[in-house]
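A, B and C label the chains in the order they appear, each numbered from 1.
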Amino acid sequence: MAFGPYFLLATLEGLVTAAVLALTALGLSLVFGVMRVVNVAHGEFYMLGAVLAWWLASLVSGHPAIGFLLALIVSPLLVAAVAFLAERLVLSRLKYEPEATIVATIGLLYIIQQLALTFYGPEARPVRAPFDMRIALPWFGYSAYKLSVIGMAVLLMLATWILLTRTKIGLLMRATQSDRETALAFGIPVGRVYAGVFALGAGLAAVAAVLIVPTQQAHYLMGLDPLLLSFIVVIIGGLGSLRGTLVAALLIGLSDGIISMFFSPTLAKMLATLLVALVLVFRPQGLFGTAMR
Amino acid sequence: MTRAGARNLLLHGAVLVLLFALNFVLPEYHRGILSRVMVLAVFAMGYNLAFGYTGLLSLGHAMFFAAGLYGAGLTIYHLGWSVWPAFGAGLLAGGVVAAAIGFLALRTTGVAFMIVTLMFAQVFYLGTLYFTTYTRGEEGLILPQASRKLELPGAELILTDPAVRYMTALTLFAAVLVGIFLLVRSSFGRALVAIRENEERMRMLGYDVFANKLLAMIVSGVICAAAGAAYAVLFGYVGSGFAAIQYSILPLLWVLLGGAATTLGPLIGTLFMFYVIDIASGLTRAHLLVVGIALILVVLYFPKGIAGTIRERWLRWLQ
Amino acid sequence: MAAMMPLLSTKGLSCAFGGLRAVDGVDFALPCGEIRAIIGPNGAGKTTFVNLVCGRIPASSGKVFFEGRDISRLPAHQRVRAGIAYTFQITSIFPGLTVLDNVAPAAQRPSARQVAASGSSRERALHALEEVGLGQYAHQQAGHLSYGHQRLLEVAMGLALRPRLLILDEPTQGLSDGEIENFIALVREIGRKATVLLIEHNMDVVMALSDRITVMERGRVLAEGNPEEIRADQAVQRAYLGA
């Protein structure tokens, strides 16, 4: 077969990866931007979203779209609730001290992972796609669901953007982000805003996972890759910069799709991680945004 | 020597004597655990030098442990080296990796430093998977029994023998403990603590902060590599699991739990955690759950760790 | 010729942040043994200037000479080793360590000059503490000292380096009147052995201590002279002192 079909397929797969990655990384970036803490358990919220999606979808019978829709709505809410609780019970008591927070979220990572293993088990399980259709492209047919993932991710990001820029909740978040002390002085409930941001960040990771489980199976160890990729995206994009996050997700998603089509995925991951570590060493402000301290 | 110095010397000596005596009284199972704990406590002591004393919160120390593990393991397995040169290869590998990573990562501070070290360690881990022809990846290599012999003048120690293994682990542990004990009392050790407390002030007192931190990273890396190399020859297994993220988190947990910037904290933390997991694994298979809960409880309620709290409350002289 | 050579001099020293030229082409010379004060309104570039001298921030252009040697490219810690000590405007100590351990790093670092110095590093550290009158607090935790004592500790750290040039950045800020009087006596004493460069807002301190005064405004040197000349200078009065 010629180069063309491979390339088109790799590009499409890359776009799907980029869309899901952008949502996940947006959550991580939001948490860092507002709270100035790094959430190492972010990948586990993603995994939890996928695992809960499988559980919720398995509760209902009938058309697969019913189960999927239920998962799409309820799973992110449940994950957000877990994150909200974790924030109130642990992070808030650490006063968001950056290093203690990282250690605590590592603890959270292990707890969520092991609970998933205990209650969900070591198997990988898929959720059925809400519809099963193939769209005919020049060389091959392609899953219409995968294309719809891109569309849904774009819609969700748009919704997040509107939430942040056009609503009172978003205003509170931005006020807290720019100056915590002043926000406190103006009577903004900073603690609850932080908990809300943490929950929103986790919810975004979960919804990204729900979108992807019909094409990739849910597994209790699936959180590590999205965590590292999100780190990469957020670092390249510049921490706290939403536009940078989107551009970087597109860049990483596409190159991941294309590189892993032609090279060993382990080598590709190795080189990408090395490259990003070097970016962080020599250009800590990222390629677009502001420095991480 | 001051009174506090004499007390510390006495206490550390007593700990070593106790560990020596335990070889003769412990049942086989617990002697095995303690051998492993002492080797891993060396890993934790190396980590403590970077994190506890110098304030460098690295999330990538698994790569130094693994550099020692593979440096010794691969030369024994593929090149048929004997234990001494293989151990040296492990130390060298750890030192070189630590120098290179330190040179790059120490340009960053704080959260960026944590993430950069995490990523470099991830590259190292992926490397052990990618070169699976030599490392056999997750499955790992079992070092042949015949190769695990330590040549000494006039004797040959069979490292697979439990008592020999225990004593070898204790020897390494004692050497590193004494080394750390002297190091933290030296002007270099004091300079590291002062850099942790106020880096800019030290710069303006004429100290090359970068060079001091780099040296701390290299010494820390070599100690961790010594633990890794010893692990390979004493327990005979070399696998990429030891390079995974989890083995960067564990020394952090051990040191936090035992008490950062205390000389005995790493041993206490490692020992404590081993037995907590040992007891918990009787109740649940999910031992990482215990690790996770321990991490959160320590940072929430016990940020100074066991030895750190003892020092703060009761024994102000504790080193 | 050697006698004429200043201890410290700068040629066209400049530093720009973005578009703002915080220090703008300063030519400056400080002879050995002098106590020199730099005064000027807030934002005149005084602190930036001394930070350029001791290498804490990089210069955009210009050169710094110390004992006749071009040190413009030396990193900060090497300038300290060359004999320039800097005390911070905002107190910068090691709060978790004892008072003695705060001074120890400065006393123990072996430099060419200190090899000749007498006593162990511990004795030198204690000596520096006694010089500033903190000898009795040597074993207290530094973070528990009063603010005035912390400022003195800061000076002791500088003294323990046995510098040729001691830079004091607003040392009397936040001190009581009584403490200021003691401080003046202390700096006079230090001035016998080292050259002192002092940034100071309190004009009583400036007039009491300095041999000469340099006035800065908007990143440039506005005037220079002995205290009487500066007091009489019209331009200085307009820019700073009175009007």
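Some observations on this one:
What we mean here is this: a contact is a pair of C-beta atoms (placed from the backbone, for glycine too) under 8 Å apart; a residue touches a chain by one contact, two chains touch by 3 or more.
Predicted, not measured: the structure shown is a model, and the values here were computed from it.
If the chains shown are joined wherever they touch, the resulting network is a simple chain of contacts running from one end to the other without closing. A simple rule picks the central chain: find each chain's mean C-alpha point, then take the one closest to the mean of all protein C-alpha atoms, which gives B. Computed centre separation for the pair chain B/chain C is 44 angstrom, with centres defined by C-alpha atoms.
Inter-chain spacing, taken between the CA centroids of chain A and chain B, is 34 Å.
Centroids built from CA atoms put chain C at 52 Å from chain A.
Across the assembly, chain B contributes no residue in contact with two or more other chains. Across the complex, chain B is touched by residues 38, 90, 93-94, 98-100, 102-104, 106-111, 113-115, 117-118, 224, 228, 231, 235, 264, 266-267, 269-270, 273-274, 276-278, 280-282, 284, 292-293 of chain A. Interface residues of chain C facing chain B in the complex, by the touch rule stated above, are 54, 56, 75-78, 80-81, 85-86, 88, 92-97, 101, 104-106, 108-109, 111, 121, 157, 161.
Across the interface of their complex, chain A is touched by residues 57, 59, 104-105, 107-112, 114-116, 119-120, 122-123, 126-127, 129-130, 245, 249, 252, 256, 284-286, 288-289, 291-296, 298-300, 303 of chain B.
Across the complex, chain C is touched by residues 187, 190-191, 193-194, 197-198, 200-209 of chain B.
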